[in-house]
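Multiple structures are listed underneath, in structure tokens.
Okay, so subunit A shows up in both of these, paired with subunit B first and subunit C after.
Let's look at the complex of A and B:
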């Protein structure tokens, strides 16, 4: 099957919704969702026990850092594996053919898969963030309030706002990652290639700021050119680390969250459009 | 390249990749005005990982941990590594691990303070032992080693100011090295002053600053300083760390020493 027999078929949000619902239910039933959610939950709960390992920072800060680490790591694994299985599985098993033989546009198919996969990751983010907030509250309520030796020191500044903002921004980042994986999956010939490439792209996006540094202060034109290209083509995933928002849950922090969320959503739209464009030209 | 010429599909794939790269580069450029302020705000609060400083120096597990977001945990594990090297009196290993800890997670001030103490207070003895022991070495050599390590420790602490501008505990630690290892009373006094002027300074910084002024014979300056400090302190029954009564006692001592007339003497609560 080549190209898209769109004819007079118009883009339908209803069909996208049906496809997204099916994708969501399929993804929720997968073991990877249950496994990563359970593992992340165990890690968040375990961070309370791991506080003996905290040497440098405040205890609550360590718990928050650890929980966010669990969110980032397992959220990334869940996003990539789920999205690849949702799209790649259909392509490998040829179950995509009966779907596309119906009056369904390829763009609707990709958008449905995107929404279904992202919804699963949103559930994961909500569960882990809620658990992390509960763990922080639980630990904070048992901490004694020491007499301050230094004036004006916030003895146990609770990082609730930062954790919440971090959860929201990670959810946006995983949406962007879902769109990126769909773009890779739209031309990948095997699931293994799609997964490996997605993890590689994830690493590149996390280290994108180094490419930007190389563009600005690299040695030699090759390093500068390479750094500049990588810095332009790949989004900066480090932006979505919400920890800096704990500095103050004020208007400026909210503007920052909005700015980063907008950055992620625009990039998501761009990657999703490219995934649709690439998938429409794919031989199935 | 023969396959490329022979296979028109390769040209198509290349053209598609080129179009995608072009679209993404355009998006990257267009989003720069949104990204730049957010990135600047982030690295102000949470310094970006100095990957160049840590790459190759860590095992794959730690690298993966860093990429996964477990930055605090990775730094804690590196701190353990620094302590293992410290227990073995391994100067190179400890120094390298301390540098890594600072590069991976420069946020906890405790890492900088304790690292500087290892460098400035412990390492001189390791070096002296390696040179043959204190008994076998001229006093000048022993003194020079202590001075050199104190300067390395101060340089280590100064690096932390990039991430913790004017942190009072860093100023106090530098002042202690200047005072105890380099005999720089004036330098130590200045750092205690800067520490005491920070809003999060511990109460004792102001008292020590006054004491250092007094040791330099600057009794009047010490008196004026304590006069400014005392009204800002909470009563001792509310917070014993503030030691308001001790500060008042020192004020009285200085008044005696300066032979101030009763009318000129400090009256708490009166402006």
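Let's look at the complex of A and C:
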């Protein structure tokens, strides 16, 4: 019946695709996706209600920052909860047994979960970023014209490219976070432990720059060594903030976006490989 | 050579477990508990093989080691000659886990589609096969209902369908009738026998000894991870060369004459017992009678209405 060839079972993108589609379907049918997306959308739309504050061009930056904050906060929650549920839930409920009893490599299983979870977060990022751009356009169209004494303030051109680049970088960051959560889930014995550890790792990654500072300017060798190790193992999530991009999308800024995205993708590949290695050793 | 082709025992085993030992570390890591102890088994193609034992005897651990879900401490397990830890070996099997849980967000049809795709069932004819399997296990009416709304018995049935979705030559079923009503258990037994008739190999664990007795060719009895007994049912139960006659209202003097008659022909009356009616058979027969009565009355009513 099976259309598979005989012999050794090679890594198959087809099976990864089937597993990813399954994971995506599971995640979008969960309430956490619907709830976080709705909440982030409400927050972005709510930023339009701040009409009594007339900041001119600065108001658009305020709206952009507000929206980016919603994207970062709810995107992080969505990534961790969804990924833990997709892997840990499957292990806890033992729904993984008939799947791994199929001709499926464990590396395919982890890669499928990764792609499925990341796809969900990409949808979230796309929806929130699109809403944020729409909110900015709506608000910019109702702002007063630039004052004669400040003709260089072109409010409508200010934050769009930055918001778009910020959305892309956050999507890359959430992919990296997905890989890190999968690594934790590959050896965690409970969902609670996996979620708590993942939020801790998220905090460490956001504060990683402190470790790098300690490495470069620490007082003792212990502080320098500890800072160096943390700075090396954990990626710096502050890089994905994109604050430096809000001034526009000139060539240098685009190169910077590319370099940060590459930095995120390299870390993602490393953590995903570790997750596969760890899951292959796990007894189910 | 011809004998090799026809006698399953002469062909390479479909499932082979060689000196399997599995230890689990206890919390703290210093002490270990032995779940399976030096177990060796061979299941030949076309056999239905029962793995029996009380809870905690190592049955599920044996099956998990066979599927490569656990690493054996010692020994090895082969599926169609390939180590069970190699995912390539899983092309040959369909597996129903104990008390199966399936993703609650999928419908029965979506679940089978997912497993069919994973197993590499070709797109052409896939949907027809899924529909046929759902009909076969009696779930056609609930095919598009979420699995989360299924009863225990329905979960077992859809689990069995997912095990069969790629039409594998080897079926590994862990408690296939747990939580299923007697009618459903009889259906599942019939389905297993159907697979045997098609030349499939079945390894199953069950607590329902009556059912095991009816469908298995060979059994192994495990206790605390060790193999206590193994063999063909007729050998184990001493049934070889014996027949039973059920007679009614035979006077004692006639029984003595019958015994003499048997002795003259080289036979021996082994035991005289009061035959016990089997509750499961009585239950099923009662249900069947009720079903027939309901159908008959429905036909009568329907005919009148028309």
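Here is the rule we go by: the second predicted complex is superposed on the first by the 258 of 284 C-alpha atoms of A that agree within 3 Å, B and C clash if a C-alpha of one lies under 4 Å from a C-alpha of the other, contacts with A are read in each partner's own complex, and residues count from 1 in each chain.
Everything below uses one rule, namely that a residue touches a chain if its C-beta (ideal position, glycine included) is under 8 Å from a C-beta of that chain, and two chains touch if they have at least 3 such contacts.
Since the model is a prediction, treat every value here as computed from it, not as a measurement.
In the superposed model, A:207 makes contact with subunit B only, not with subunit C.
Of the two partner chains placed by the overlay, only subunit C lies in contact with A:19; subunit B stays clear of it.
Looking at the superposition, the partner that touches the larger set of subunit A residues, subunit B or subunit C, turns out to be B.
By the document's definition of touching, of the two partners only subunit C reaches A:284; subunit B does not.
Using the contact criterion defined above for the overlaid structures, shared-chain residue A:103 touches subunit C, although it does not reach subunit B. Of the two partner chains placed by the overlay, neither subunit B nor subunit C lies in contact with A:222. Contacts of A:94 after superposition: subunit C is touched, whereas subunit B is not reached. By the touch criterion stated above, A:138 is placed in contact with neither subunit B nor subunit C. On subunit A, the surface touched by subunit B in one complex and the surface touched by subunit C in the other have no residue in common.
Residue ranges on subunit A touching subunit C, taken from their complex, read 1-4, 6-9, 15, 18-19, 22, 25-26, 29-30, 93-95, 97-106, 283-284.
Per the touch definition, subunit A reaches subunit B in the complex via residues 50, 53-57, 61-62, 65-66, 68-69, 71-73, 76, 147-153, 183, 187, 203, 206-207, 209-210, 229, 231-236, 238-239, 241, 243-244, 246-247, 256, 259-260, 262-263, 266-267, 270-271, 274, 278, 281. Listed in rising order, the residues of subunit C touching subunit A in the complex are 64, 67-71, 86-88, 90-91, 93, 95-97, 100-103, 105-106, 114-115, 117-122, 129, 159, 162-163, 166-168, 172.
The residues of subunit B lying in touch with subunit A in their complex are 13, 16, 20-21, 23-25, 27-29, 31, 34-35, 37-39, 41-42, 44-46, 48-49, 51-52, 65, 67-73, 75-77, 79-80, 101, 105, 107-108, 110-111, 168, 199-204, 234, 239-242.
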